[in-house]
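Listed after this line are the structures, all set down as structure tokens.
In what comes next, chain A is part of two complexes: it sits with chain B in the first one and with chain C in the second one.
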Partner chain A sequence: MPKLTIDGKAVEAAKGATLLEAAQQLGVYIPRYCYHPKLSVSGNCRMCLVEVEKTSKLVTACSTEAAEGMSVRTDSEKVKAARRDVLEFLLINHPLDCPICDQAGECGLQDYYMEYSLKKSRFPQGDKVTRQKRRALGPHLVLDNERCVLCTRCVRFCSEVTKTSELEVMERADHSFIDLKEGKSLDNDYSLNIADLCPVGAWTSRDFRFKSRVWFLKKTPTVCLGCATGCLIEAHHNENTVYRLVPRPNAETNTWLCDRGRMTYKAVQAGDRLAKGVIKNGLIDLEPALREAATRIDEQHAAAAVLGSPWLSIEDNAALARLAAEALKTENFCFDFSAEQGIKDGILVNKDPAPNTAGAGLVKAACGGLSLEEFSRRIADKRIKVVITEARAAAFIKDALKASGARLIVFAVNRAEIPPEAYATLPYASYFETPGTFVNYQGLKRRAEPAVEAKEGVKPLWAVVNKLAVYSGTSLRLDSAEDALKGINFR
Partner chain B sequence: MILNMESILLKDNVECLEGYFAAGGYKPLKKALALKPSEVTDEVKKSNLRGRGGAGFPTGLKWSFIPKDAPGPRYLVCNADEGEPGTFKDRELLLKNPHALIEGMAIAGYAIGAAHGYIYIRGEFAAEAALLERAVADARAKGFIGRNILGSGFNFELFVHRGAGAYICGEETALLESLEGFKGQPRLKPPFPAVKGLFGSPTVINNVETLAAVPSIIEKGGDWYAAIGAGKSAGTKLFCVSGPVNKPGVYELPLGVPFRTFLENNCGGLKAGKKLKAVIPGGSSTPVLTAAEALAVNLDYESLAAAGSMLGSGAVIIIDESQCMVKLLQVLARFYHHESCGQCTPCREGCGWIEKLLNRLEDGRGTVKDLDTLYSVAEAMLGRTICPLADAMAMPVMSFVKKFRSEFEAHAAGKCCPPDAAGEH
Partner chain C sequence: MPFKLTEEFKAKAAHICARYPRKDAALIPLLQELQGQAGFVAEEAMDALAQYLELPYARVKGVVTFYTMFNRAPLGKYHLQVCRNISCHMAGAPALLGRLKEKLGIAEGETTKDGLFTLSTVECLGACGTAPVLQANEDYFENLTPEKLDALIDDLKHGKHPLKR
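What follows is the complex of A and B.
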């Protein structure tokens, strides 16, 4: 554990730590472009040059190991001059097209220029090296080579993280540019991380670009519900519209986010978003839809059943459990979902596509209920004649439903989710609009936080359940998601 | 100091194995194989032999950096990627005395415990590579390389690998990248090649001339070699002279010879009517000396460093009064801009900027402000990159501008070149 000083402050660095990491420990920020904690050290941008006592040349903080007794300065005139010089070099051939650049506002060149340079350009505009602009590469990205600072984060990401090695630096000197390797296309499952990694406007997301200036965006920390991995994310939104999802790097689960996960926000704003109920393909207002659903349930009072869902939060599953126990007073309920879990691609994507299999398991542990097998058998035997569940969970009992013709009442966010067997569909608020607790494959509880508001009339699932119970003649007294958990004894 | 000594490297009639053998060749190898590897290294340390590629690092010390107990293979690599403008001394050795290199490599391989050696030869040296391949084949046929060399139990295989034309591959870690099949780009150091070099294994990289000196050192002893030359600049050095002298070419001299003596005695002086203006003493990347500075300097590591330049590769470029310094620097800038690997920001962007500034000045579009910019751009590159290519651009720029500022100012004022330089363009 080497002890050293950085800008006069003493620090004991971890063995093998670099100067950049040791400085971070002290809260001393060293500017960087090519350095990324999860990629190999490249040392090419030269932005992190610092002064080490008794060393004649400046050294790169990203690659120099902290050593006992070192005295490091990150704020000397020599260091400041080096930063100004590097920024000047990076900007001479940069197109300075910030007004039409989607990175503006979160650009490493803009930010560092304001922080470390403010030097007037000495380079004639007409002498700039020109390169190819806005080239669509792969389904998700656009590359502007003129804005590139050649930090090679994108190249290293593709070779070290996805191990697909699509990218390469072509040519030499100031003619260098990023390009696809021959015969490759940039369509790996994590390609959008490149837009995040790129410190400048070279790589931008085809989905996000020109949709919103970043300074208008509000950021809500939440969790990705794309699979059981449960990556921590941030939803970026403005005026009740979500514009993008980005990873919230954490030691437990994720540094990155997969492309499919990034697109999960789309369903919330999709054209087939349900704001009304559906009875046999016909749209109908929520209240009559609830009434109709409640009537069908009452018809079969003794033979009504509730199936939880690994796509729903713990609170909403708990609300369903209470619907079964307190309103329907039936033993025909099931929270028995098992799925093979674990990372299937060596990076983030889980074998279990549902975000809350483990959370549903907690409800099962607390409330009991039938096994999925027994539940299905009772449907097939026509002991269960009406099933209330979430749209995607209906797939678990698809065969039994087909065999018995039992009525299916589902909760759905989008029309596309509704299974063909559904008799009635009740809309509910997505987890971008309402909070919920999920348990990922590691057993970690993660909270979805609302980033936007649901359309008028669209309620959280627990609230829809509450109403359904009222129409069936029972009050569950649910005023919040947390209320659903009351009376359930979680072990 | 021995001035009229017998040559160590450049000899007659040693091009082929028979001639080399007749002159006592491959006896040093036999002698070395009878010693302990550490004794071979000690002898080279004692000789004060220093790297002849340009940096002048003590060779024996470099060999001793190979970790003693590292598992796995070690490699010896010969840097024959001679590409520095003005430098053509390794080519001469490859053509005239290839077996000195091969024998030197076998000895060095034995000293560091390498079973494989690579000669990375400049891509443009097609004929030289073919000759070298033949020399290696001849040496292999006689058992000087290959398995169980001279019955010693030591195995050493040697491969000739041709580069693909990039100057940067003369930088030792870029050379390793290229040898491994990747784009030639220098690696971050540390780790140094002695710890993690070719294919991730401990590796020694030496210049052709360095390795070719090894057999003589083993034959006659480190003390003998150390006595040649001037102090810490031991032994002989090849100097390749270009420019308007009567006898340009490659000369082997003990280190420490005064430049004035070398110019007059070896090079036959300047051509009639030419007046010395400047000298680049060690290849195009080394700082330029004015005529007065050059005429006062001795050709060895210390003297040239004291004069503010470097011995470098020993490529002496003679510049006479009819040459335009701006034009010369423009030519150099074009070269370094073309050859910058593009990895580090200051070199990638700076080399191009410098060339553009020099184009402006040379074309008569430049201003005094451009001249100041030129100098400050070079300063901003110096010592701030992974490898010394940025320095190789910055050092000539700074020294040219500092020492010949009036010529640059004349260009900035619209008067292009010295009057008698007009014809040289």
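What follows is the complex of A and C.
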């Protein structure tokens, strides 16, 4: 555990820690482009130069190990001059693209120029070396080589994280650039992380490009519901529209976010988003849809059943449990889902595509209910004649439904989710619009927080359940998601 | 036509790889070997070599493009390389280069139609004391003057000058 001083402040660094990491411990920020905590050290950008006493030259903080008795300065005139000079080098051939560059506002070059340089360029624009401008490389990314500072974060990401090694620096000196095999596309499942990693505007997301200036975006911390991994994410949104999802790096689960997870926000604003109920194939207002659903349930009072869903939050599953117990007064309910848990691809994607299998398990542990097998058997035996569930969960009982022809009433966010067997569909607010608790494959409770507001008339699932209960003559008295948890004894 | 590494090459490659603790360390010597056989390293050859060394293709391509002495296209019989760095520049290299361009009717990086000459400019050849310098294949021609240059081109055209390669 070497003890050293940085800018006069003493710090005890971990063994093997670099100067940059030791400085971070003290809250001293050292500028960097090529350094990334989760990638190997490259030391090529030279932005992190610091002065170490009794060393003749400045050293790169990202690649110099902290040693006993070192005296480091990050604020001396020499260091400041070095930062200005490095920026001048990096900017020699950088195009004057800022007004039309989508990175503006979150660009490392802009930020550091304002912070450390503010120097006028000594190189006329006409002398700049030009490189290839924007070109789509793969389904998610656009590469503008002229803006690149050759930090090689993207190259290292592809070789160290996805292990696909598509990218490399080609050529040399001022005409070098990032490229991959001709005719190949950058199509690994994590490619959008490169747009986040890139400190400048070289890599941008095809999805996000020119949709919004970043300084208008508001940030809501939430959780990705793309699979059971439950990565922590941040939803970036403005004026009730979600624009992108980015990872919130954390030690427990994720540094990155997969491309599919990043696109999950699309469903919220998709054209097939349900704002009304659906009976068979026809759209109908929510109230008559609820009345129709309630009538069908009441017809079969003793033979009505509720199936929870691993795609719903704990609160919404609890609301369904209370619908079964208090309104329908039936034993025909089931929260029994089992799916193999674990990382499928060695990075983030889980074997279990549903986000809350473990959370539904908690509801099962508290409320009991039938096993999925028994539930299916009762449908097939026609002891259950109406099933209320969430659209994707209906797949678990598909065969039994087909065999018996029981009526299916589902809750859905998008029209594409509705299974063909559904008799009635009730819309509910997605978890970008309403809060919910999920339990990921590691057993960690994760909160989905609303980033935007649901369309008028679209209610959270617990509220739709509450109304459905009222239509069949019982009040569950649900005024919030938390109300659903009342009277359920979680162990 | 798909490119395949010859058995002869593979035997040699195994020998070269054995010199290094890691197989991928043999990348540059093997590229030199490929260039020695064909005079250049073709795109397909890079692919085949990447597979042989179990390296990503991009890595091989990155190395080939980094080193200017790896040729990516066939060259003429004589590769004329004019130094463009400061000593040669001050001693008249630009004029010599202009003369060559005019005489051969090609620009830098091009090959004459008869396949005899390829003209390129290179960085310092390490012979500043005898500037201006031109390297033809692997031979140096130093203290060049327009007359000497004309004579050299004529000799090469008529096959008179015995170059090493």
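Here is the rule we use: the second predicted complex is superposed on the first by the 487 of 491 C-alpha atoms of A that agree within 3 Å, B and C clash if a C-alpha of one lies under 4 Å from a C-alpha of the other, contacts with A are read in each partner's own complex, and residues count from 1 in each chain.
Note that a residue touches a chain if its C-beta (ideal position, glycine included) is under 8 Å from a C-beta of that chain, and two chains touch if they have at least 3 such contacts.
Source: prediction; values computed, not measured.
When the two complexes are overlaid on chain A, chain B and chain C occupy overlapping space and clash. Comparing chain C and chain B on the residues of chain A they touch gives the larger count to B.
After overlaying the two complexes on the shared chain, residue contacts for A:123 are found with chain B alone; chain C is out of touch. When the two complexes are overlaid on their common chain A, residue A:216 makes contact with neither chain B nor chain C.
Of the two partner chains, chain B is the only one that A:41 touches; chain C does not reach it.
In the superposition on chain A, contact is made by A:82 with chain B only, not with chain C.
When the two complexes are overlaid on their common chain A, residue A:490 makes contact with neither chain B nor chain C. In the superposed model, A:181 makes contact with chain C only, not with chain B. By the touch criterion defined above, A:29 lies against neither chain B nor chain C after alignment on the C-alpha atoms of chain A. In the superposition on chain A, A:165 contacts chain C only, with no contact to chain B. Comparing the two complexes, residues 169, 171-172, 176 of chain A contact chain B in one case and chain C in the other. Within the complex formed with chain C, the chain A residues making contact are 159, 165-172, 176, 179-182.
By the touch rule above, chain B contacts chain A in their complex via residues 166, 168, 183, 188, 337-346, 348-353, 356, 373, 380, 383-386. Taken together, the chain A residues at the contact with chain B in this complex read 41-47, 49, 56-58, 60, 63, 82, 85-86, 88-90, 92-93, 122-123, 127, 129, 149-150, 169, 171-176. Residues of chain C that touch chain A in their complex: 43, 56-59, 61-62, 65-68.
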